[in-house]
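What follows is chain A paired twice: with chain B in the first complex and chain C in the second.
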Partner chain A sequence: MSEAILEVNEVTKTFGGLVAVNQVTMHVERRRIFAVIGPNGAGKTTFFNLVTGIYKPDTGSIVFDGEAITGRDPAVIAAKGMARTFQNIRLFGSMSALENVMVARHVHTKTSYADALLHTPRYHREEQRARDRAMELLAYMQLDHRAQELAKNLPYGEQRRLEIARALALEPKLLLLDEPAAGMNPQETEDLQRRIVGIRDDLGITIVLIEHDMKLVMSISERIAVLDYGKKILEGTPEEVQNDPRVIEAYLGPGAAEGVQ
Partner chain B sequence: MKKLLQNSAFLSLLIALSAIIFGYWLLQNPRSTLAFLLTLGALLAAFMLDIPRWLKVLVGGAILLLVVPMAGFKNSFLFELGVQTGIYAAMALGLNVVVGLAGLLDLGYAAFFAVGAYTWAIFGSKQANQFMPWHIFPLPGAYFYLFMLVAVVMAALTGVVIGSPALRLRGDYLAIVTLGLGEMVRVLANNLDHPVNLTNGPQGITPIQRPPIDWFIGLFDRFGIHMSRAEAYPLFFYFLVLVIIGIVTLVNIRLDRSRFGRAWIAIREDEVAARAMGIPLLPTKLLAFATGASFSGAMGALFAAKQLYVSPESFTLIQSIMILVMVILGGMGSIPGAILGAATVTILNVDLLKTASDYLNDLRNAGFVLDLGIFKYNFANLPNQLEPAKYERMVFGLIMILMMIYRPEGIIPERRHLAEMKEKA
Partner chain C sequence: MLEVLIQLLPSVLLEGLILGFVYAMIALGYTMVYGVLELINFAHSEIFMSGAVAGAETFILLKAAVPNPFILLALAILIGGAVAAIVAILVERLAYRPLRRRGTTNRLVPLITAIGASFFLQDLVRLIEGLWHNAFYRRYPSFEVFEATYTLPNLLGSVIILLTLWIVFWVLAYFAYWIYRAATGTKGVSRRASRGLWIASLVLTLLVAVIDRGTVFGDLGLTIQMKSILVVVISFAMLYGLNWLVHKTKLGIAIRAVAQDAQTASLMGIDPDVIITYTFLIGGFLGGVAGVLFGLLYTLVHPYVGFIPGIKAFTAAVLGGIGNITGAALGGLVLGMLEMLGGTYLTFLTNGAMGTEYKDILAFAILIFILLFRPQGIMGEQVGEKV
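Our next item is the complex of A and B:
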């Protein structure tokens, strides 16, 4: 088994004339917390969409857990153990919190059509197991008291947590979090920070996150990649990234680094 | 008064009483449309309102299994109404899976009805001798039950064949393509009388075998009820439809509460998120499509046996739209809604509009003069273009427009759809 769970090799994606992701190479080691940062429009979310199969790369290859997944269907990639959350929360609003999590148990249940129609013992067994596991995960994200609530009625912070619970229901090896702290207050962010570390430590899941909250990024990430205009301009430890003039310029514009120093 | 209406005991009494009174009235006047509607109203109230379960079952059973059949003996039109409602209700339930749960707009749904109907029509009549050796056709009526299953399979396969290309599209595009493919099935039925005569073309196929009912007549004989074959068939089909509705409803509920139901709703709500959660798009959509199709196929076979005759005319686009209207009227995704929608549209269609037309006709023939002092109108001058029965589609159009304005979630909205509607508002 290779050290890296995710290997992205020279991946490019263009939309018309816009090169959204340009020759990006990124290797994520197992059980790491890996952050992708960069200014707005740098191609971070596009990068996630490429990795999860929502977009197909124009060139380059993506290897997940030792298996080439370039251009595969998102559902297939998800079933292989890659889960994600979305920048603009995409819960199934009209389903309860519990049902939302149960949807992601789909790939872990083998109840056939006939089982579901005839209510065979397997149906009852698997349905119960899916429900139990979903409740466990809701409890893990401290949402168990909200199980029967419709997802869309939950407050914002809880919706973000529910998205993570739903992603965890896939029993992923790799979890991609797209701006998990967006819109959270400092206390919620701190709470989230502990949870992310917990998910890695308790469940052994590798985490890649996109985030704008630099305090969060710098305190939990072990490696950080910086994207700017679709290109990876730097990868390193938080200390290396923090002190690199290229990063400051990417955020504040050319020449800004001198002013800071 | 409001408090009284919230009292379950009072409500129960009210419903039980109205069921008895209206039921008795219908038995005394089997031809009274008003009595029939009020009886159904009592049934609906029993279902909708908060009363004990045993009373719901009692009222439902008494009306559906006793009052309607007994009144039907004196007015067999009630059976016709019941069977038609049942056929449409089962189809509405099938389309409900496709449109309501999975959110796939299908405008070619009547095609599967046609497939089911022709499946039994061809082999349950002499038609199959045209292209099969042995000359053993028509098959005996007892094969009907087997062929209902065959019709289910054939319709589901047709669903997969039509769905495989069509379901790669979304929304309006899917609607247009299913419309086209659905029409293709009808056109095929219309033209497959040569080179090999499969469907007998526009003339249609008749007579078609019916399932044998000697056992059914014998059963009633034992209780001292003697029926001729002609009397027994409508009753038999009525009961058969009730049984099928029961099965179809159960299937619907069970799918809704399984991983498949959840996957369909997830896809309806957000395809991208559903795929990211490991739900394969095309297979899941195809499953919904084939499930809906199979309900329609089963009812097609029943339709063929009941009518004794099938022709391509019965499977037009208007049929598909009617069934869609039933689903939307009742409330998308809602199981009781689909049944109520089917009942409303069918009763309006085959009973109410005709009754209203007949009533106007009577007034005209009698030369009735409406005198309101300043306004005088002699009904003898009423042009016969004004018969409500001729405005069937306009009436449905109006109903749909009013529904979309005042109650877009349908008469009996489904919890999840209601949530979605409110979200958008």
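Our next item is the complex of A and C:
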């Protein structure tokens, strides 16, 4: 078992003439909190879509948990233990919070459809287990009182938490969070920060997050990669990234670094 | 004349209910496939037909070997449903999936493919039947137990009459009030006004009941055939089973997840292709069972028998809100009743100028009307929300 849970090697993805992700290499070690930052349009979400299998890379390879997953279908990759949340919340709006979580239990429920049709004892046992586990996860994200509510009727902050609960139901080894703090107030962000660290510490899940909230990124990440125009311009610890003039230039334009210093 | 109209009401509605259940079962196939693929599967009428024909063959082949008609019917339903499910899955695999793989974004392409598959299946079944029997019209054998007629209590008829009158009066009153509101420049009907309309129409109903008590509470002679009872019981059981499957099992949750957002579902480890196959299996099975029940009711089946019931069931699915499972069942029942009401009463209302044969016009007029004024259907309140 190698140290890195995710190895992305020289991956490139182009859309027409636009190089969205350009020769990006990134190794994420187990049980780390790893952040991907960069200005808007830097290719961060495209990078997530490549890792989760929504897009197939033009060149390069991706290894997850020691297994090559380049070009595999999203469902296969997800079943191997990679879960994600979305920048723009993508819950199943007209399903209850509980059902949203149970969707992600699908791969872990072992009943056949014949069992379900015949109401065998195994079906009842498995169904009950899936339900219990889903309720546990809702409770873990403090959403258990909302279990029967339709996802679309939940307030924004709870929808964000529900997305994380749903991702956790997959029992992932790696959790990708796409701008989890977007649209949150400072209290909610602080709460989220504690939860992310908790998920890593309690459940031993590696976390990769895309985030614009620098306070959050700098306080919880152990390593940070910076993308700009599809290229990885830098990778290092929060201190290294904070003090690098290239990062300031990427965000504010060339020459801006001198002005700051 | 009014007395005749009222007297006929219970039996007409009962017939409408029976037909409506058959439509509902076919409509579910359209609506489920639309839910996951956003495709109108026009080959579904032929999936229904293949179930009807397979059921007829089962009846004819096993008639001698299986003396009990009820067991025979159960076998025909299983085989008809299974054949239709297999045909549905094959159509998906061979016609629709290759197009999806190719990433065709033009919605017209799968639609034309569906129509092509429909013609192909019609003539394929005709070929098979022709080679096998040298004839492609097949007749369901009749059994005395299925044809037996039972008389229902008069009270049931009276209750049906009163409820129907109440609903009809309410619809008319609501419609009139709505037009009045629109004419005076305001829109919609308030909750209080709506309650008032309910009560007013109830009073009107009771008034009619008192004035015309001789007819309403008289000897209505309401009868039902054994085979109609079977159709209602079997389809109700199937609809109930489907409802349970979609809402209570993990397969159902997965189907709804794929229908709402296939990509997100795949990121949760659900393979959309597997779920699509199951959707065609379930929709095809229901369609096939509906085919057998249709054959039981109308006896004659042939390779082209699917077209009209198929298009009417499609109308029912649109009426209920395409993609909405409850809506499809409701749309089927409503359409069946309206068709029977129209078919019976058109003759009276036009003094015999327009007969029962115009009932199809009524069904398709409803389709046009719905598409013009409420394309999202009865149940489809939010556009974009499916299954």
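Basically, the second predicted complex is superposed on the first by the 261 of 261 C-alpha atoms of A that agree within 3 Å, B and C clash if a C-alpha of one lies under 4 Å from a C-alpha of the other, contacts with A are read in each partner's own complex, and residues count from 1 in each chain.
Here is the rule we use: contacts are C-beta pairs under 8 Å (C-beta built on N, C-alpha and C of every residue); 3 or more make two chains touch, one makes a residue touch a chain.
From a predicted model like this one, the values you see are computed outputs, not experimental measurements.
Partners chain B and chain C clash in the overlay (superposition on chain A). In the superposed pair of complexes, A:Met214 makes contact with neither chain B nor chain C.
Contact comparison for chain A: of chain B and chain C, B touches the greater number of residues. Once chain A of one complex is fitted onto chain A of the other, the partner contacts of A:Phe86 extend to both chain B and chain C. By the document's definition of touching, both partners, chain B and chain C, reach A:Val107.
Applying the stated contact rule after C-alpha superposition, one finds that A:Ser94 touches each of chain B and chain C. In the superposition on chain A, contact is made by A:Pro74 with both chain B and chain C.
Residues common to the contacts of chain A with chain B and with chain C across the two structures: 52, 54, 73-76, 78-79, 83-84, 86, 90, 92-95, 99, 102-107, 109, 111, 113, 116-117, 127, 130, 166, 170.
Put simply, chain A touches chain C in their complex at residues 52, 54, 73-76, 78-79, 83-84, 86, 90, 92-95, 99, 102-107, 109, 111, 113, 116-117, 127, 130, 166, 170. Per the touch definition, chain B reaches chain A in the complex via residues 251, 254-255, 258-260, 262-263, 265-266, 269-270, 272-281, 287, 415-417, 419-420, 423. Residues 52, 54, 73-76, 78-79, 83-84, 86, 90-95, 99, 102-107, 109, 111, 113, 116-117, 119, 123, 126-127, 130, 150, 152, 166-167, 169-170 of chain A are the ones that touch chain B when the two sit in their complex.
Those residues of chain C that touch chain A in the shared complex are 245, 249-251, 253-254, 256-257, 260-261, 263-272, 278, 385.
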